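Here subunit A shows up in two complexes: once beside subunit B, once beside subunit C.
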Partner chain A sequence: MVNLNTIPPKNNRDFYIAIGLEGSANKLGVGIVKHPLLPKHANSDLSYDCGAEMLSNIRDTYMTPPGEGFLPRDTARHHRNWCVRLIKQAMAEAGIKDPTLDVDVICFTRGPGMGAPLHSVVIAARTCSLLWDVPLVGVNHCIGHIEMGREITKAQNPVVLYVSGGNTQVIAYSEKRYRIFGETLDIAIGNCLDRFARTLKIPNEPSPGYNIEQLAKKAPHKDSLVELPYTVKGMDLSMSGILASVDLLAKDLFKCNKKNKILFDKKTGEQKVTVEDLCYSLQENLFAMLVEITERAMAHVNSNQVLIVGGVGCNVRLQEMMAQMCKDRANGQIHATDNRFCIDNGVMIAQAGLLEYRMGGIVKDFSETIVTQKFRTDEVYAAWRD
Partner chain B sequence: MTSKREMSLDYTLELQIPFETEGQASIATKVLSPDPILKPQDFQVDYSSEKNIMLVRFRSIDDRVLRVGVSSVIDSIKTIVETIDELS
Partner chain C sequence: MTLPVALYSAPDGVEKNFIPTPDDPRYLTTEGRTTGPSDHVLNAGQIDRDKPSDPKYTADGSQLTYLSQLRTQLTGLQDDINEFLTRRMELAKNKKKAGAEEKRIQEEINQLLDGGDGEEDAD
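Moving on to the complex of A and B:
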């Protein structure tokens, strides 16, 4: 049993307030979360049911033109330009007037992510902490996704599929840690989709993956998949080869290379495959691999719940395929959230950070706030779970 | 490579940044100090504050590394100043 009420809320309030700052990739997010102080949390395992209320959840995404990705330096500059404005706006929305009295903890992403953007946000977090005399908590980005997903969906102990632009992991909780059961050996699934979107020169707005999903829906030849490598390696995945192979096909298609027998009919030279078909096949292929390792992880830990988090988790087709797999298992349940909570945001950092804070985990020295590009999910001791 | 070339940090710069109060200068110093330098053999920074002035001393192996390092520290200082201006 865990006592989430070890640290009482500041100023004799009967609720906690946490500000979360997220900036590990091209999204800058500021979120404010409120937890009521409830007696039931004093001796229970209810970290998935905090009664959290989102007072504000603001996000600003650094957008690049079609065919271009985001670079660390430019992304950091974007975050620096917007960070203070976003914090101000979030506090106004949440009705916080005096942060010294009204905020219990400031949570920031310590990693994993791109170094420069992470650093530009932590500078603002440290300054606020000293200005307001509010403690800091550093949060692992992946744990943020997991805890937000659990709070929203009320999934008690799910197998977590964390799929985003920088991470692809299958995670399950055991003995105070979120253990990684399987992960990508090279690039993340979101990275694979984003880079294919760059090859196709389709817009990055609202997100490259979303645009691929929309194209895939319009695929005219859904009955015949374009063959791509299927690279599940034990519990792990490899996606760079798939990207190279689908990139090659797209380039042949744009160049009208009739010698390519997959794309053009051998005799008539007629085009058999469209860009939409490539998007469809790429998605089907990648998602099938994810479903396979997720199902195996579920069998491992004897779980029947799946929680999908991360930016790619918004993909309805992935949710559909996962739901189908769950349906075939006894009492299988799938949990997913919408784009407010799937895509990187500040409230998830606030949620995970507040759990840590309520267990007494605060930064005692600024040397603990140094951001890190590599920060694995299983390095975090999940004190708030039983 | 026969001998390891010993580089000395001969290129230096000192910035004095005035804040409105002593407290603000000390906040800025505390915020900037913890971050490690990626290549300490090429570039070093020391932060200190005296009354309402923050002193930043840079030492580097050449002017290019110095320029890059200084500009990134100034970027961070801008964020700190904006945060102090807008959120205190």
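Moving on to the complex of A and C:
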């Protein structure tokens, strides 16, 4: 049993308020979350049911032209120039007038992520902390996703599939840590989809992965998949070879290379595969690999719940495939959130940071706020879990 | 107001103080010369919607607000630091290049003096 009420709320209030600042990639998020102080949290294992209220959840995404990714320097500039405006907007929406009196803790993403954007946001967090005299808590980005997913879906102890532009991990909780059961050996699934979107030169708005999903829905030849490498290695996966393979096919398609027998009919030279078919086959192939390792992790830990988090978790086809697998297992349940909480956001950092704060974990010296590009999920001691 | 200052020191003994000159136009803007979008994204057709907000003036319009003064002076200071560090990096790069060239010539001379005819790898 854990006591989530170790630190009382500020000024004898009966609730906590946390601000979360997220900026590990191209999304800048500011979120404000409120937890009521409840006696049941004093001796329980209820970190998935805090009664959290999202007072504001504002996000601004750094956008680049079609065919371009986001560079660290320009992404950091975006965060630097928007951070104050977003914090002001979030506070106005949440009705916070005096943060010195009203805010219990400022939570920021300490890693993993891109160094320069992380750095822009932590400077804002440190400044607010000094300005308002409010303590800081550094949050692991992956833990933010997990805790937000648990709070929203009320999944008590799920196997977590964390799929985003920078991460692909299958995670399960054991002995005060979120343990990584399987992960990518090279690039993340979102990175694979984004880079293919760049090859296709499709827009980055609202997100490259979303646009691939929409193209895949329109595939005319769903009954015959284009063969791509299937690279599950034990509990891990590899996706760089799949990307190279599908990239090559797309380039041959654009060049109208009739020698390519996968794309064009050997005898008539007629086109057999469209761009939409490539998007569909890529998705099916990648998602099948994810479903396979997730199912194996569920068997390992004897769980029947799956929680999908991260930006790629919004993909409806992935949710469908995972739901099918869960249905085939006895009483399996799938939990997913919508794009407000799936895609990187500030409230998830506030949620995980507030759990840590309520257990007494705050930054004691600014040297502890140094951000880090490499910060594995299992490095975090989850004091708030039993 | 007190001016913001920056102090640079390096293990090779180089030290430099950066102090803004409040009336110089480079310390009166929030758009720095070195803090804009990179050339790469501009060439790719990026429209810059991430500019910093303009500095604000006091109600009577006579001068910049305290925070805006700080922002503009820091923008100029950041430019000074970036330009100084870029120069330092270029110097270091040129030194390294010159060193590599010197090493290559020396190796060639040594080889000739040793009677090498450049065919030792032929087998």
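Following the convention adopted for this analysis, the second predicted complex is superposed on the first by the 386 of 386 C-alpha atoms of A that agree within 3 Å, B and C clash if a C-alpha of one lies under 4 Å from a C-alpha of the other, contacts with A are read in each partner's own complex, and residues count from 1 in each chain.
Following the convention adopted for this analysis, a contact is a pair of C-beta atoms (placed from the backbone, for glycine too) under 8 Å apart; a residue touches a chain by one contact, two chains touch by 3 or more.
Quantities reported herein were computed from a predicted structural model and do not represent experimental measurements.
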Could you tell me whether subunit B and subunit C fit or clash when both sit on subunit A in the superposition? clash
Check whether A:119 is in contact with subunit B, with subunit C, with both or with neither, and answer first, second, both or neither. first
Return first, second, both or neither, reflecting whether A:87 touches subunit B, subunit C, both chains, or no partner chain. first
Just subunit B (first), just subunit C (second), both, or neither: which does A:130 touch? first
State whether A:370 touches subunit B only (first), subunit C only (second), both chains, or neither. first
Once chain A of both complexes is superposed, is A:302 in touch with subunit B (first), subunit C (second), both, or neither? neither
Touching A:74, do we find subunit B (first), subunit C (second), both, or neither? second
In the three-chain superposition, say which chain, subunit B or subunit C, touches more residues of subunit A. B
Is A:268 touching the first partner subunit B, the second partner subunit C, both, or neither of them? neither
With the two complexes superposed on chain A, say which partner A:12 touches: subunit B (first), subunit C (second), both, or neither. neither
Overlapping segment of subunit C (options 58-66, 76-84 or 94-102) - the one that collides with subunit B in the superposed model: 76-84
Which residues of subunit A are in contact with subunit B in one complex and with subunit C in the other? 77, 80, 85
Complex interface listing, subunit A residues touching subunit C: 62, 64-65, 67-68, 71, 73-74, 77-78, 80-82, 85
Please name which positions on subunit A make contact with subunit B in the complex. 76-77, 80, 83-85, 87-88, 99, 119-120, 123-124, 126-128, 130-132, 366-367, 369-370
Of subunit B, residues touching subunit A in the complex: 27-28, 30-36, 75-76, 78-80, 82-84, 86-88
Which part of subunit C faces subunit A closely enough to touch in the complex? 35-38, 40-41, 44-46, 50-53
